[in-house]
Amino acid sequence: MKTSPFDNHKENTWCPGCGNFGILSSMKAAFEELGLAPEDLLIVSGIGQAAKLPHYIHANGFNGLHGRALPAAFGAHVANSKLKLVVNTGDGDALAEGGNHFIHAIRKNMDITHLIHDNQVYGLTKGQAAPTTPLGQKTTLQIEGVRVDPLNPVTLAISLGCSFVARANAGDQPFMKEILMAALNHRGYALIDILQPCVTFNKVNTYQWFKDRVYAVPESYDPYDKVAAFSESLKWGDDGIPIGILYKEDKPAYYDRLDHIKTDHLAAVERKPTDIQPLLNQLKF
Amino acid sequence: MKTSPFDNHKENTWCPGCGNFGILSSMKAAFEELGLAPEDLLIVSGIGQAAKLPHYIHANGFNGLHGRALPAAFGAHVANSKLKLVVNTGDGDALAEGGNHFIHAIRKNMDITHLIHDNQVYGLTKGQAAPTTPLGQKTTLQIEGVRVDPLNPVTLAISLGCSFVARANAGDQPFMKEILMAALNHRGYALIDILQPCVTFNKVNTYQWFKDRVYAVPESYDPYDKVAAFSESLKWGDDGIPIGILYKEDKPAYYDRLDHIKTDHLAAVERKPTDIQPLLNQLKF
Amino acid sequence: MRINILIGGSAGHGINTIDQFLTRLLTKKGFHFHSYKDYMSRIRGGTNFTHVTLSDQPVHCHDDALDVIVALTSEIIKEHYDRLTENGLIICDADVVLPEPCRHQVTRLNFKEILKETGNTKGYSMVALGAIVKAIGLEESTLNHLVDKRWTEAIIDANTKTARMAYEATHCVLISIPKTNEDHLVMSGNQAVALGALAAGVGFYSAYPMAPSTGVMSYLTQYETRYPLVVEQAEDEIAAINSIISAASNGLRSMTSTSGGGFSLMVEGLGFAAVAEVPVVMLDVQRPGPATGMATRTEQSDLNFVLDASQGEFPRIILSFNSIEDAFYKTFRAFNLSDKYRVPVILLSDQYLADSTSTVREPDLKALKIDLHLVKEVREDYRHHDLRTLVQDRVVPGMTSQIVMNDSHEHDENGSVTESASNRAAMNDRRMSKLNEIIKEIEEPRLIGDPEAKDILICWGSTAGVVAAAVDNLTGQGRSVGALIFGDLYPLPTKTLTKLIERGARLINVEGNYQGQLRQLISRELAYPIHHSILKYDGRQFSPGYILKAYEEMIQK
Amino acid sequence: MRINILIGGSAGHGINTIDQFLTRLLTKKGFHFHSYKDYMSRIRGGTNFTHVTLSDQPVHCHDDALDVIVALTSEIIKEHYDRLTENGLIICDADVVLPEPCRHQVTRLNFKEILKETGNTKGYSMVALGAIVKAIGLEESTLNHLVDKRWTEAIIDANTKTARMAYEATHCVLISIPKTNEDHLVMSGNQAVALGALAAGVGFYSAYPMAPSTGVMSYLTQYETRYPLVVEQAEDEIAAINSIISAASNGLRSMTSTSGGGFSLMVEGLGFAAVAEVPVVMLDVQRPGPATGMATRTEQSDLNFVLDASQGEFPRIILSFNSIEDAFYKTFRAFNLSDKYRVPVILLSDQYLADSTSTVREPDLKALKIDLHLVKEVREDYRHHDLRTLVQDRVVPGMTSQIVMNDSHEHDENGSVTESASNRAAMNDRRMSKLNEIIKEIEEPRLIGDPEAKDILICWGSTAGVVAAAVDNLTGQGRSVGALIFGDLYPLPTKTLTKLIERGARLINVEGNYQGQLRQLISRELAYPIHHSILKYDGRQFSPGYILKAYEEMIQK
């Protein structure tokens, strides 16, 4: 087996055959191809199966609270914008517990790559519905089927004006690696919704199910057309599932909006208590 | 002055001229016109200026926590689906602190009317930016101007497939009352984004500013066309601001999805400890 | 007399299935048992085991010594071999490595072979079951009960055949133990809570999945139709607590469950329920913290947290479960207390208890009474927060034509916001004074063993069972020791405690946490210092042996 | 000698402006002052006032008796008339209703008339200022300082003219009081925190607006460029705490502020910071709870809450502010403590202190030292959670080529998830043992008044100033009483307390809450009961008179 500078030797606790393995390999491959070193990276996650990923890669890691990966990524970005930030979240992590952060993180357009491991289920807690589980689908908890409408992360991100929105299929690693590289090269919020089979708890949305339905958006597709992208994003299931870069928007990344910050490593700025003397002087009357 | 069965005699602490007064009057008028009685209603809110509303109307009230009006509405709906539920939230209440509930409440399509008092500012806490404050607009806190992109509640709701999405202008009470009545008559989640001037903290988005920009969507407008509605919802500011019913979708309301619940007043069901005897019997081997 | 069987392997080996059928068979045969699960936070692989303790008496904890180890992997032997009694028996798969030399009886079964022969490739659990049934001296016909309504005839046949083969191949027989003739139920700690809530008439349950509490929701969700009940997975714990508060404020008994991390997110809601005087029941199934901690391990370290969680001051009731049976009754009682006093009730369980299963005496449902304390007809002089009384029935919307306001601010008697200083003080007095009423209904801790003993062990929650076993053991040795077992925790019942203090007993607190949190509470409330502690905070429950050893060391000093 | 001026009207009357300029003028003239705001949770209307106490000595609280009332509405007279001293003076608008007969000197100014005459329609505050300056015996030239850099010349002229007219029209002159010659700064409680944080080198501040804490953010936001600093309004408090933890884990000093309701939402994050051993500083500006409570009122009722907030067990440091000056130093110190021990530090302020302004001695910035405790070069044997030591510098990403893992589970020395029982126990020991190190740096409470007195008042936080004034007063009457003032609260410093207990002092706790939360903490830690309490929980701060009265009543019994 090929080795990578990003390998680490911790025991992996994912189920054999889990779609997460493909995501992990593609990430390592993309990092290598982009010439990134472990110390250039910070892999941020919440809690869940997907969120275990930082433990399985040799790089800086931040494995925070369930649902809170995006605020964590934001804090890291403020402290050190030189770090290449990759956020790995489950669909529950990103869209249920963390849903509020998702909509607001996009508004900042901070420079991160955000992977939703979209297995349409809660893996770690044994199979309950995720926000992306289809209406009517039965789960270990929703035994009569889910009764609320699913949420489409791609549609949602487009509506919020996310500056890079893509979808990939964990069953197709070369394609996924390309998307990952494009996302890593994008300056701003790059979201990738990754169709990730959960071989244990999701018996519907399998490798084969996705293989039978995904199609890459054609060359002619214009990701800059918001309304068209919205329309395309609504496709799902038997109508086909578009993968590739679905939406792009040019706008300043978060750090580029901070006119007053002249450094890319705020944590490295030297500070002294005496710096505040001018402020004290203002308080004399 | 006209009196209404919904008047109560508590001191009102809104600033003179605040857009909330118009919203309150239109609500009362709509309730009267629909023949609703105070005991038929439950007015639910979070915390903020808008959220004070339940205290200013003679009807059942639930003034909960900041950001948590929608889960509260959900609980009330489960307990007693006969109550007419009206949720009054600020833009911060609904979209910042309460943003996660917003996206998930819509997925349930529960039968409520949700008014966002969209003053594009935090009124009660003295003028900080709300999620709807335009990019670059200066506030008491964002003194150099807001640096994150605004969130459009109408676009967001459409992308989530909210079954009734409208916009009204607090400066135009008759129009607002019509929209309110349509919303109250809708079975499912009816969202109204109300353009509400804050005369104290928002010196940009004034009555006049809105008056100069709003236009009602034409008769020919088809609110059932999701992509067209999405496109229309993107208009803002000098391009004109569409008001009226922008989107509709026919789908089962939450209670209609609960096949197993045969009552519309779950709280009134008589229950006895002995009801569980069959379950105990299952645990004998 | 108790027999302890530990059955272990990887996630995926069907350890759960073995546990489930074994305990059913045992119950059928008239035994009492207690069974607890030790599993890792992963779906496949790793090392999991279940530990079944059977007896002719009700059992509330496991023992240290093992009579039988069923090992599907070598790790199980490595970890637990030392606990096997002299006459103990090992049942293991062909490739399991045993210590050399092995001083014990061994039945080595070739699981794969047996399964190949019976054409039952997934029947690992059946092999184990057949062997265990033989080992503990039950007749072969016991295996006729290996049935499940989800199975076809063919599956049942294959399974029974598999189990029979294993039965035959097992040579070692343990002395069989006396049985009882009582009829018991079998439930897990989480199920007991769900059943208690259903008995109390819960109509709405909303929660966000979180180990080890999810079992409550999984159980309830099966009975949505029958009761009728709405079980809804919330988008997060904040939604869960806020929606149950609102449902309860509309007269529907409502509940949520979580573990510490989720409880953290419910803290603001807790205070809201209290100030609005809306009755809610919240279950915290404790696991080791802080933060994500250890998802599938146990600890008793949230007492301090729930005792003062949320800003400001308000009354609350905290009850802990001493056994699975107790979980049923405490949950039922929580609803009545909450409705009567209009205060939040927090139930403290833990992973050990929640994931354990045991035999339980059948509750007498007719003896239970639901009391909702709702106003049923219009009352002219109704005040929602009546300063003239502490305990009052309440109005909910839509039950009468009366309107009502529930509010999260400080408010006046009708729920209107007010900044009045005198109203504030009066409302605070009203709320806090409820504690003086509530304490009258709080149950004193149970004193077991020798009530006049010099040494009294103090414990709470699921540690009760282990402490009781330790006390039994010491008493069996002819030694005098007692234990004070707290179920109700707050407001702290102090009568029995005070008497013990007055007679000069030496108190020794036994808690599954670092700080001795009940000890801290006692110190805070009675200004009385407990100087001796037996603590454990490695993510695992106490065992009787652990307590005995620590106790011996303590008194040696 | 102290002079008390209360200036009140409706929101919109510019009470804040009066306060701001009056206190500036007083400082210019060499006075010390303390000024606190009493305002309602609304933007317009209602009744608000500011209470300015001036002296030649530093002042840390208001007094009960008033020397001057400036009333723009009749409500102000109705509420505060009784507090006016015999020689006290009323300055009021034309339509303000006074008691009949009025035993006091009155200057009735027709505000509207004056403003019409000077063409300065919005100049209410200037009329009031002119009158007050005359009333307290300052020269007319004082009014030359009514300038502000945002004003045009024309505005300045109109304002000065307006103030002069009022000055002239005011006839009553109070005896003027001695001034000091020291140079002081003027700051509010919230500003002091912001300045302390800036002095400590804060680089990231994220919070969600919440009264009465928002002032910290509003102040900092003005200086983003200068420091450089990122101040970001978060979408909610959960985002705020999680982003500062992450920024801090990357080596940037970070802070958040909130009030109790927001703190409730940060509880899970607090535990995360602790288990990941990431240093963060959190400010809780207390207001009355539970839940939304009273947004613009004061209380000291979050101590219990923050003491044990979050599931599981972990070390934390809790510091409270005894004065505005203290808030500056404690905030500065919080960062160093947090970085050194890698534990969260919680700062407790309250609305009274946060919204108060006072003169403050200029800090000697050169005496302060920032200590980040970061690893600057690759260390071969680095372990992120080193079991061999309690106090260790830490690696952050991107400062060296070393990589590092910050994790919210129980983890091993390198931040990897593990379910090992022995590791769990060892890590828990490591974390909790830090408290034994931290206590060495915790400051003992300050003993003031007669250290040998029989009666010792015990207090914490902003109540310090009021208690000190009460003790001064009693001492002035020739009576012997002392007070023990706690700033650092947890780990609880017990040395001084123990000595007092040993010598048999009668302890009387004075707290702005219902339960006596410091009393409870002392009882919990020392198993020592404090039997006498002076408590207040009506949303308003103590006054010295309130304490004196309660004390007299207490000793009478």
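Should a chain be cited, it is by its letter among A, B, C and D, assigned in written order, with residues numbered from 1 in that chain.
The definition used in the following text is that contacts are C-beta pairs under 8 Å (C-beta built on N, C-alpha and C of every residue); 3 or more make two chains touch, one makes a residue touch a chain.
Please read these numbers as outputs of a predicted model, since none were measured by experiment.
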item: Contact-richer chain pair (by C-beta pairs counted) among A-D and B-D; value: A-D
item: Most distant chain from chain B by Cα centroid; value: C
item: Inter-centroid spacing, chain C versus chain B (mean Cα positions, whole Å); value: 41
item: Chain centre separation (chain B, chain D; CA means) in Å; value: 37
item: Distance between the centres, which are taken as Cα means, of chain B and chain A, whole angstrom; value: 31
item: Residues of chain D whose C-beta touches two or more other chains; value: 40-41, 224, 235-236, 238, 261, 268, 272, 291-292, 408-409
item: Touching two or more other chains - residue numbers and ranges from chain B; value: 47, 65, 96, 99-100, 103-104, 131, 144, 258, 260
item: For the chain C and chain B complex, residues of the former touching the latter; value: 24-25, 27-28, 145, 183-187, 191, 195, 198-201, 203-204, 206, 223-228, 230, 232, 234-236, 238-240, 242-254, 268-269, 272, 332, 362-363, 365-366, 368-370, 396-399, 401-409, 415-417
item: Chain C contact footprint on chain B (complex, rising order); value: 10, 38-39, 42, 44, 47, 52, 54-55, 58-65, 68, 70-76, 78-80, 82-83, 100-101, 103-104, 258, 260-263, 265-269, 271-280, 283-285
item: Parts of chain C lying in touch with chain D, wherever the complex brings them together; value: 40-41, 238, 259-261, 263-265, 267-268, 271-272, 274-276, 286, 288-294, 296-297, 299, 301-302, 304-305, 307-314, 408-410, 419, 421-422, 424-425, 428, 432, 513-515, 520-521, 523-525, 527-529, 537-540
item: Chain D - residues contacting chain B, complex; value: 40-46, 208-211, 214, 217-218, 221-222, 224, 233, 235-236, 261, 291-292, 295
item: Residue ranges of chain B touching chain A (in the complex, touch as defined); value: 95-96, 98-100, 103-104, 107-109, 131, 144, 147-151, 155-156, 158-161, 226-227, 230-231, 234, 251, 254, 257-260
